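The structures considered in this document are given below.
One chain, subunit A, appears in both complexes that follow, with subunit B as partner in the first and subunit C in the second.
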Partner chain A sequence: MSILHTVNKSPFEKMSLDSCIDHVKGESAVLLYEDGVYAALKGTGAAEKLASVMETTKVYMLGPDVKARGLAADKLLEGVEVVDYAGFVDLAAEYDKVLAWV
Partner chain B sequence: MSEDIKKFMYVNRRAPYGTIYAWEALEVVLIGAAFDQDVSLAFLDDGVFQLMKGEDTGDVEMKNFSPTYSALGDYDVTKLYVEKESLEERGLTVEDLMPLKYEDEDDDWAEKDSIRLVSRKEMAELMDEQDVLFSF
Partner chain C sequence: MKFAIQVNEGPYQHEASDSAYQFTKAALEKGHEIFRVFFYHDGVNNGTRLTTPPQDDRNVVQRWSELAEQHGLDLVVCVAAAQRRGIVDEGEMQRNGKDANNIAPGFRISGLGQLIEAAVQSERLVVFGD
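Right after this comes the complex of A and B.
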């Protein structure tokens, strides 16, 4: 069954993203929101890990949280799809389960 | 009396918006500014994210408190120490931060940078020379 994994903690402060990535399977997806969006900052270890996950798994991030934190598009890893709140709801409905790595 | 002036440092280690720490630190700094102490702010670890330019919280319906940092100079809070290694570890440079300024009353109100980039080692020394440290 497919899982939508959500990560809302900074990868520089907590291990949530690492734990999440270690448990993701191909048919699932990862959604970054709140402080989780910092993981998409280019040139960081977190972004490197995300990039390798993205070879098999879809990664999303919540646009309003990216914008609130002043993260410009050119600072962010390419290929992470931006969704809005309605998109978040659609994803939650689309996957069989949601696992929040709070 | 100058011997009563203490060195206060507010240590900011959290990203804005995800938790209330950054906002609370600003509140305490603004209150503390009324007491005429030698105040500085330290930004390290995720705290450096507090100073990012271009923050726009309209879509998350939270207060964008980033403009408050540019008002700190008016409260004689003019020393914002930012740790270089913390920026680098997050793929950032000082160019990604707000260009915060203050007017130096001892230098004919010349406009100067409030942000002072320091190394981790220098930050440790700055912490060492404080009388009081506040953690956020």
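Right after this comes the complex of A and C.
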């Protein structure tokens, strides 16, 4: 069963990304949104963890939330696919379940 | 596809209600069905018509009401969470002897069974919270 894991908190504030990463399996995916997008900031421990997850798992981030926080594309981890809200809906439909790490 | 949405946080304090609204709107625009939006915990604060945000700010409550009117959305506020936080409709006003009600248009107060039913009847339950 494939799961879309959603993470909406900064890894510098809460442990939800770590908890999520511990449970993600290959065919599932992670979507970073709200403050969760800070995990994709290059040069941080969180980004390193994310990069290792990306070897086996697809990681997405919500474009409007990245833009709202002024995070420039060159400051973000390569390979994290940017989606808009319509893309968020598509992912929710594509995976068997949506699991929110709130 | 049939979606159920759960909102666990009030407006303005957290981004959950904004994200849930944008997701719901995008799903409707893509032709999906929203079986129900269930407001739980502090999320019930999305359902008071007495909010008056500054004119240049988004009106989170009104935005939900308008979306409900346009698409016939079922916006359900958890009764136990609502009672604790003073979200009252006509029935609750009479039942609890209150002097007023404040439920926003398009919202209704009901029980937790409505969340369970939404989760069972829908193909996806998407939760927005803190």
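Just so it is clear, the second predicted complex is superposed on the first by the 102 of 102 C-alpha atoms of A that agree within 3 Å, B and C clash if a C-alpha of one lies under 4 Å from a C-alpha of the other, contacts with A are read in each partner's own complex, and residues count from 1 in each chain.
In this text, a contact is a pair of C-beta atoms (placed from the backbone, for glycine too) under 8 Å apart; a residue touches a chain by one contact, two chains touch by 3 or more.
Small disclaimer: the values here were computed from a predicted structure and weren't measured.
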Examine A:E34 and indicate which partner it touches, taking first as subunit B and second as subunit C; both and neither are also allowed.
both
Quick check for you: in the superposed arrangement, does A:G43 touch first (subunit B), second (subunit C), both or neither?
first
Quick one: classify A:A93 as touching subunit B (first), subunit C (second), both or neither.
second
Residues of subunit A touched by subunit B versus by subunit C: which partner has the larger set?
B
Using the superposition on chain A described above, determine whether A:V102 touches subunit B (first), subunit C (second), both, or neither.
second
Quick check on the superposed pair: does A:T57 touch subunit B, subunit C, both, or neither? Answer first, second, both or neither.
neither
Mind working out whether A:N8 is in touch with subunit B, subunit C, both or neither, as first, second, both or neither?
both
Same subunit A residues contacting subunit B and subunit C, which ones?
8-9, 34-35, 64, 84
Complex interface listing, subunit A residues touching subunit C:
6, 8-9, 33-35, 64, 84-86, 88-90, 92-93, 97-98, 100, 102
Residues of subunit B defined as touching subunit A within the complex
14-19, 45-46, 49, 52-60, 62, 64, 66, 89-92, 96
Can you tell me which positions in subunit C touch subunit A when the two form their complex?
1, 3, 8, 15-16, 19, 22-23, 25-27, 29-30, 32, 124-130
Residue numbers on subunit A that touch subunit B, as the complex places them
8-10, 12-13, 34-35, 38, 41-44, 47, 63-65, 67-72, 75, 84
